[in-house]
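A short worksheet on the structure shown next.
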Amino acid sequence: MATSTPAKTVTTPIADIGRSPLRSSSRSPVSRRIGRVLGYIALAIAAAGVLLPFFWMLMSSLKTNNAVFTIPIQWIPETFVWSNYVEIWQKSDMTTWLKNTMVLALAVTALQVFTGSFAAYGFSKIRFPGRDLLFLVYLGTIAVPWQAYMIPQFILMSKINLSNTLWSIIALQAFGAFGVFLMKQFYETVPEELSEAARIDGLSEYGIYRRIMLPLSVPALASLTLLTFVNTWNDYLGPLIYLRSPEIWTIQLGLKSFVGQYNAEYALIMTGSVLSVLPIAIIFMVGQRYFVEGIATSGLKG
Amino acid sequence: MKRSIVTGLGIAAVVSLALTGCSSSDGDTDPGSTDPASPAAPVTVTLAGWSLATTPEFQMLADAFHEVNPDITVEVQEYDATNYDTQMIADLAAGSAPDIYVQKNLMNFFTYQNGGQLMDVSDVASSYDGNASGLGLESYQVDGATYAIPYRQDSWYVYYNKDLFDAAGVEYPDGSWTWDDYTSTAKELTSGLQGAGSEALGAYQHTWQSVVQGFALAQTPDADLLSGDYSYLAPYYERSLDLQQSGAQVTYGTATTNSLTYQSQFGTQKAAMMPMGSWYVATLIAQQANGDADTFNWGLAPAPQFDSSTTDVPVTFGDPTGLGINPGIDESKVEAAKAFLAFIGGEDAAKALAGIGITPAYTSDAVTEAYFALKGVPSDDLSKFAFSTHDTRPENPLSPDTATIQHILADAHSAIMSESSPVDAAVSEAGARAENEVLD
Amino acid sequence: MATTLAVQRPGSRLKRRNTLLGWSFILPNFLGFAVLTLVPVIALFYIAFTDWNAFGTANWVGVDNFTRMVGDRSFMVALLNTFYYAAFHIPLTLGLSLALALLLNRKLRGVAFFRTAAFFPYVTSIVAIVLVWNMLFSPELGPINQFLTAIGISDPPGWTTSADWSMPAVIIVGTWREMGYYMLLFLAGLQTIPPELYEAARVDGADAWQRFWNVTVPSLRPTTFFVTVMLTIGSFKVFDLILVMTNGGPGQSTLVLSQYIYNKGFLENQLGYASSISIVLFLICISVTVVQFSVNKRRDA
């Protein structure tokens, strides 16, 4: 069986140049195109199915409150209440919520990505005693459900006077084990020869981290950035406990304020939810190519 | 070396948290504190409330009190309506809770009282000796001392849509119904409405466990939540299942999966009758005013009874809502806080509350008048009777086991109403679980 | 004697240097982590042996909470349900997300759109997701059952209103929600595979399936390890999906450990007992993780 020999670049035999790498030449162009069209149709149907809830959310954001939940499901509103999109800015503090959520998401993401990747380098590339045990401790905390230690954590945060400030959420989320774990796994895919070569060239470990590891792990960094951003953006339980004053509410908290004791303005909740998904969708669509066009070469020359 | 640092940190953490636990429950103020509050000095006390934008009662009480006592300002702090108790428990544990906070229901009142998070306010309660039973103070009494003062007392009635009754050609409720009368009327309504070409159903039963269990517990003689014997629930569930299987009301499965709201079911005339709590009156009036609900004639009828023996003073259920004082309050503010508590349970506050459609704890003719003077409230005699005359029993008896048992019964409720389990099996399962988890 | 000493000293110096170096990298993250996460978690381990109720003192009760757990029928139900959910959710999500990543790892037209579509369920608020899926699953009027009846199934399942079908419904929604998330991680992992490996395999005459097994799978191992561990822990810890979708019901058919912890801790204020259950959940997760860790390490060597 073919064994992988990564150290050398390979020249393609002349006879293979021009041959489409993914298809053997026995299929006719027509059947290939039909296959592709069918594939696209299948993908489109799947995408439609996957996007269905968002479509309902969008449609519901244009209904009246009592028309959101009906039997049977109303996919298209009877009357389009476009004013909901105006009302939500007037009736609620959407701008403040957006601002707070953005601040939190950016701060937490930046801190998680940098301290996490920094720590991950230490865990993956440097051997020191107790390393594996410490890493297991990190992993272990992921395994503990947050509800369980939420109250002791809250007491601790209140004692150091962080609760009811945006700093509380930043502090809580920025130093989690998730980022460390993710980056460590990606650093492990980078062959040791690279670092060895750099060390021989006289680079310090910090230099290796900055000059070699970071650029190589752009896809992983991009993933971590996106995932941390999304998690912070959608976080509800954390802000519920720590962000009490209305001035520091995030979007998720603010939307819940439309659920009163005896009534709920569901249409506006849907409007707010749609508005809160849009920034992320845009960021994703724009940024997702970083997952593909990350590394140009593996840097391994013969 | 690193390991011992971690261990040291751990021990320090645990010790500090345990000590914190000690101090936040003490609630006693240092013996060295000096002057009691001189009534003339301006004082601000903080009050916990929720959904301030849509729940005006807290601010209204604060303002009304301030008018009578200009030296005392009550500052309302906002909490989350659905997660109020989670937030409050976290705050009390961390010592950052406000001076006065709301007792949303009796289940959590027990938690707070048992955890030493409520100050003894028996002196405030005693000033109401004359009207004590009208206030429902017994609910907040433990071992002879009172720990909170109620300001609102909701009860459950039946809301009915007069226009739909007319369309179906069925007579309005007359205040003497038993549950069998309710059931047969619902079926009559459904076929009458169908005949008249309407899509509305005879009744709507909301998905909460209290809609069935609250009545069963309050109305069945000798029913005891803490006994482990829940057979008193069976006849009530049989009737509910009968209604949904005969098509007189939407099935539980449909109601839950389509997230039906009771406000829309009754407000947009999808059902002719609905048992619901008294808080819905204010919501319905507001929704009829802003167009979320249809404009139609409706009325209140007293809750259907177990049998005809209690028709004169119909038995229904409902928990009081009250205010309690955080024992961590500053010594100098205690008098002001107690003054506020005395105010909210009194007639003036009750009239103000009634004026915005809230059912106050304090009952009197003046209060009833204020309530029915509100625009949109049905003013027929039966509605007035339903509002003013009832024997309301608490939904949650005071006990450490209540919360657990209510959860067990909630599971039984969903099992029965979704028809995943027959009534008798679910009821005995609930009893067995209660034995296993709590009552051993 | 002198030679062994000479050999040993550089070794221990290197060790010390590496230790300092390693810690200098870890420290920024570790400081925040230790204070804000590790300390409360350690406190949790202490509380599990007490009867704390958030206020008041935590009285030591030894292993009472654990003995209570053994006889607690609801705990057993929650435990079994948690394993039920994990047993199906993990392989389904793993397979689907890997398949999606492989499928969308090429320059198709509009691939950006399809990738975004796959990721959307994860980004949309869970409340909206659950509302829509509940309606889709509605037994009498929902499209899914209408479709099933149309193709001839006479008694379609009750989904979230039936004790037998509620967990499958939850598993379906959970998988649908998370496959985009793990697809993203696999996509990033696929980028780290040098194209030369595929070329070499192709030259050696390997077909697509063989290339997958001999190039893709081994190269993806760190990513797969990450995904599997996170997926496993996440499945055992599943909480908000079930809380919002079925609230543990009907009956107790979808009650899982996380929700049981939440009920006991927050709704019934028995934080000591809830903490002890958390420790059991933690032990389950950590033992599975350790197994995966050592399997992974052995393959590395």
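Letters are used for the chains, namely A, B and C, taken in the order the chains are written, and counting of residues starts over at 1 for each.
Just so we're on the same page, contacts are C-beta pairs under 8 Å (C-beta built on N, C-alpha and C of every residue); 3 or more make two chains touch, one makes a residue touch a chain.
Keep in mind it's a predicted model, so treat the numbers as computed, not measured.
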{"item": "Graph class of chain-chain contacts, one of line, ring, star, complete, other", "value": "complete"}
{"item": "Most distant chain from subunit C, judged by the mean position of its C-alpha atoms", "value": "B"}
{"item": "Subunit A-subunit B separation of Cα centroids, rounded to whole Å", "value": "41"}
{"item": "Whole-Å gap between the CA centroids of subunit A and subunit C", "value": "15"}
{"item": "Multi-chain contact sites of subunit A, meaning residues that touch two or more partners", "value": "69, 71, 73, 134, 151-152, 156"}
{"item": "Set of subunit B residues in contact with two or more other chains", "value": "13, 17, 86, 89-90, 93, 254, 258-259"}
{"item": "Numbers and ranges of subunit C residues touching at least 2 other chains", "value": "38-40, 43, 54, 131, 135, 138, 141-142, 266"}
{"item": "Contact footprint of subunit B on subunit A as seen in their complex", "value": "64-67, 69-71, 73, 130, 134, 150-152, 154-156, 158-159, 163-164, 240-241, 244-246, 253, 256-257, 259-264, 266"}
{"item": "Residues of subunit B that touch subunit C when the two form their complex", "value": "6, 9-10, 13-14, 17-18, 21-22, 24-25, 85-86, 89-90, 92-93, 111, 114-117, 251-254, 256-259, 403-404, 407, 410-412, 414-415, 418-421, 426, 433, 436-437"}
{"item": "Residues of subunit C touching subunit B in the complex", "value": "34, 38-40, 42-43, 46, 52-58, 71-74, 131, 134-135, 137-142, 158-164, 247-253, 255, 263, 266-269"}
{"item": "Subunit C to subunit A touching residues, read off their complex", "value": "15, 18-19, 21-26, 28-33, 35-41, 43-44, 47, 54, 105-108, 112-129, 131-133, 135-136, 138, 141-143, 176, 180-181, 184-185, 187-189, 191-192, 194, 196-206, 208, 210, 214-215, 218-219, 222-223, 225-226, 229-230, 233, 236-237, 239-240, 257-258, 261-262, 265-266, 271, 274-275, 278, 281-282, 285-286, 289-290, 293"}
{"item": "Subunit C-touching residues of subunit A, taken from the complex the two chains share", "value": "1-6, 8-10, 12-13, 16, 21-22, 40, 43, 46-47, 50-54, 56-57, 69, 71-73, 114-116, 118-119, 121-123, 126-129, 131, 134, 136-145, 147-149, 151-153, 156-157, 171-172, 174-182, 185-186, 188-190, 205, 209, 219-220, 222-223, 226-227, 230, 234, 237, 252, 255, 269-270, 273, 276-277, 280-281, 284-285, 288-289, 291-292, 294-295, 298, 300"}
